[in-house]
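Shared between the two complexes below is chain A, which pairs with chain B and chain C, respectively.
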Partner chain A sequence: MANRCTQVLLILLALPALAVPLACLIYLLMRGLPGFDSSLFSLNFSSAGFDDKHSVIPQIMGSLALSVLSCLLALPLAIGLSLYNRLYAGPRSKLFMQHLLTSFQSIPPLVYGLFGLLIFVHFLGWGLSLAAGTIVLAMIILPVLTLNTIHAIERVPQDYTDAARALGMSASQIIWHVWRPRAWRSLLTGLFLAVARTLSETAPILFTATVFSGASWPDSLLSPVTSLQTHIFYLAQEAVDENTVARAWSSALVLVTLVTMFSVIAHLLNKRHIKHG
Partner chain B sequence: MDKVTAATLADHAANSPKQAALVRKIRIEINGLSLKRAGRIILNRLNLSLANRGITAIIGPSGAGKSSLLRCMNGLVNDWQGEIIIDGVASKQWPCGADALRRHIGLIAQKPTVFPCSIAGNVLFGIRGKQRRQDNGELIESCLKQAALWDEVCDRLDHDAQTLSVGQQQRLCIARALAVKPAVILLDEPTASLDPRSKNKIEASLRGLATSMPVVVVSHDLDQVRRLGGHTLFMCDGKLIEQGNSETLLSTPQRVETREFFQWSMCDCPTDAEK
Partner chain C sequence: MWLRSWIRFSVIASLALVLLFVGFLLSASAPFFFNYGLSPIIAREWYPYENLYGLLPALIGSAWVIVIALSLALPCGLATAIVSVEILPQRYHGLINVCIDILAGIPSVVYGLLGIALLLPWLENNLDLLSGHSLLAAGLLLSVMILPTITRLSQDALRDVDTSYREAARSLGLDWSQRLFSVLLPQAWPGIRSASLLATGRGLGETIAVMLVVGSIDRIPQPWYNLLAPAQTITSRIGREMGEASVGSSQWSALMACALVLTLSVLLLSLLAQRPART
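Entry: the complex of A and B
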């Protein structure tokens, strides 16, 4: 009887946690799906705009460019930091580094955005640009990516490392032949989660990289971009006619689909990682 | 205890002039070796000399510093005080660094660790660069034969090494260590938790190896030490207490600590591995 009560209580507690996002998703599908038409994904665009006729392809490309470039920038740094942590840092340095990274994770992205605005946009004079947005997003995901890589390397059994060291293998050989085959899947999982995270960030790129109209595909790293996140933000705030509001919902659905896609890939990789030990 | 100079060759190697000629000339001098871990003394100004032996067994109670001694010699542990001189060269100044030292002084751990790849891949695991890309069929065969494993795996070299039994995995680890051509092999309780048949096979392999290179074995099994013959060192509290011919030391120990240890061992006290 006591078990039954506990079970019911836990279900009651879990229900809101599941029901609220599920309700959001259903509502998003209801509002977003009717706006899905050929014009939404039309490749015939000159620049991004804000009416119900404009394609969201420039925004999708802008969001993906910011995400992929920031991950490409953060990944080598994360790998370098985690290898330093594993190979050379003493116990105190390791602990300090892990505390520091955890603290960095809890800094609101808005603060990174402000930092990027002051340093890259104003001080260095880059203006709103792909480069500034990329660096700020890379700064946001660097702690989470580094901690994930540290854990991925730590999960490689110590016996393997010891056996390889006893054979006289160098640090680089151990990294490549012992750690990489065991850790890459976990590392990739973290990378896809980081892409999903960058796709969810709005405030930092609003300050550093994106414009609302007049841009399609950036000519250089110093050109501004448009992104789905800021597009939705602007449409939701400024749109007055019904069709444009519907376009905002459709854009939101596209963004959620993209984020979900990367999360699902990460989940599948993680499942295979657990299966293969 | 003052520095003790060891005999020149292992008994069985010295018995045959041909075999003695095959024994690699290597001399390891350990002077005042000390090691601390978390404030605890693991090795206490240890003095020892190993020269061109066949098999040298190291026995002693748990926590005597036997495994740590092997790890210091192999270079896996580097924060020790004192001197380890190998063929006249201080190990910390070893040419080409610590990795080269570890290839020179092979170490096989108590727990067999095979990598998640084929049997042949495991044998060649420590070989990298140009040599890896050559045809290494003969090397694989010779290492597996020396480790007394060839007959059991010759028809399935491409099979996953993790499907082998624990005893076979341990012999594969020996073959893997031999593939990098070490001058001496150190084994840390290689037969702990193995069945008698696997023990016999590993002992046979060690006796074979000892004809061509010095073999140092940490063991808790006094019967095994007797069977392996050669030379035996007794360690306690990080110090070398006594050493001598295995048969003589096991039958007529001179020191009180050694006698007490043998009495304990006869009571079947648990080994490090069992703990």
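Entry: the complex of A and C
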């Protein structure tokens, strides 16, 4: 009897964890879907951001450019760091790396944004720019990606590496012929998750990369962009007109769809990996 | 050869970034501490135009928000983890995980939008407030945002409890709730503890969603337990004023001091979470 009571109590306590996400999702669909018409994805950006029928294509492009570029920037460094961790680091520097990476992972993205604002926007004089936002996001994602890549390489069985060494393979041969085939899937999973994560960040790019309107497709790395995240933020804060608020909801739905897309791809890759591994 | 130089480049570049980052934090906030000392941390007034920079209202605001968020998310997250690992059969695990994934996948700015559209009007109507912008709104929103972290890490902690402990508890004839409270939870405690610490760190650093619903008014709640008043957190202050502060001004260095305090407290939490628990 007491067991039943505890279980029922626990299930009641857990209910919000099921109800809240479903409610959020349904509400988001209800508010966002009606705004999905041809004007939302129209290729005519002239009215950028101002009127209630503006296209969000520039925002989608800006968001994607920021996240994908930042992850591609961080990936080589992450691989380099994890190879250092595997090939050269002793037990003490491994532990140090682990702590350092976890600590930097926990620093709020906002603080990285301030760093970017001072160093890139002001000190180097890049202004609000795609480059500044990309580097800031890359710094945020680097610890996450590195920890993931370290894991991916560690999951290659030690026997394989030993056997390859015994065959006299060089370090680069081992990396390419032994580790790469076993690790690329989890590496890619991490990369897609990283894109999803950077797509969700707003605070760090608010002061370093984005403007509300007037930017469509960036001409160069040093021009400002618009992004879905900051677009929603400005509209959520300022918009009073009903149709403009509707645009905020449609943008939110587009953003959530993009994030989900990248997470689902990551999830599928990971699943196949486990099955074959 | 290219391999070695690539690795060397990665290590040197990353270390340089780490040093640059630490140097940035210290040097940008140093002028503030040189001019005002440490006393602003407990001062009550924040008026940038009169050079009054008291951090106390924002510190109290952040503390209240995280306390509300944890006191809601911890029981719920822990219960969800127990329900999904210990009570429900395997085939329902997917459903719970999907729900948690949905929560984790919603970007914070979308939570802010949901907060403005749903939470604020609801608070206004039910509690008869002029504006729903309040510590309570921020705490409620934040509790939803840290729920996935707590749930997932607690699930891992429970799953990691060794089968031999479960079997031993069973063979001693303990019933379900005895097994849960005197074997499983104590064994999973280190994991649950670091889950809560990590969630606290994430919650403290959360900016956009909190900023949109907290009201951003630098006032200590009057009386101190008045959670229905608009207030300010450290992150919402930085977010609000960063745009207007000119680089190098005293307001800028005051905001950097806020960022330093924030970073140090989050790092402390992260170190506590990483420290292997005593057995």
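General observations
Definition applied: the second predicted complex is superposed on the first by the 261 of 277 C-alpha atoms of A that agree within 3 Å, B and C clash if a C-alpha of one lies under 4 Å from a C-alpha of the other, contacts with A are read in each partner's own complex, and residues count from 1 in each chain.
Following the convention adopted for this analysis, contacts are C-beta pairs under 8 Å (C-beta built on N, C-alpha and C of every residue); 3 or more make two chains touch, one makes a residue touch a chain.
Just so it is clear, the model here is predicted, and its values are computed rather than measured.
Using the contact criterion defined above for the overlaid structures, shared-chain residue A:Asp159 touches chain B, although it does not reach chain C.
By the touch criterion defined above, A:His177 lies against chain B but remains apart from chain C after alignment on the C-alpha atoms of chain A. Applying the stated contact rule after C-alpha superposition, one finds that A:Ile107 touches chain C and leaves chain B untouched. More residues of chain A are in touch with C than with the other of chain B and chain C. Shared-chain residue A:Ala252: touches chain C; no touch with chain B. When the two structures are aligned on the shared chain, A:Leu167 is found in touch with chain B, with no touch to chain C.
Once the two complexes are laid over each other on the shared chain, residue contacts for A:Ala236 go to chain C alone; chain B is not touched.
Considering their complex, residues 3, 6-7, 9-11, 13-14, 17-18, 20-21, 24-25, 28, 75-77, 79-80, 82-84, 87, 95-96, 99-103, 105-110, 112-114, 116-118, 144, 147, 151, 175-177, 180, 198, 201-202, 204-208, 212, 235, 238-239, 242-243, 247, 255-256, 259, 262-263, 266-267, 269-271, 274 of chain C touch chain A. Contact residues on chain A toward chain B in their complex (touch as defined above): 157, 159-160, 162-170, 173, 177-178, 181-182. Only residues 2-3, 6-7, 10-11, 13-14, 16-18, 20-22, 24-25, 27-28, 31, 76-81, 83-84, 87-88, 99-100, 102-111, 114-115, 117-119, 122, 139, 142, 171-172, 175, 196, 199-203, 206-207, 229-230, 232-233, 236-237, 248-249, 252, 255-256, 259-260, 263 of chain A touch chain C when the two sit together in their complex.
For chain B in complex with chain A, the touching residues are 74, 76, 99-104, 106-109, 111, 113, 115-116, 125-126, 128, 173, 176-177, 180.
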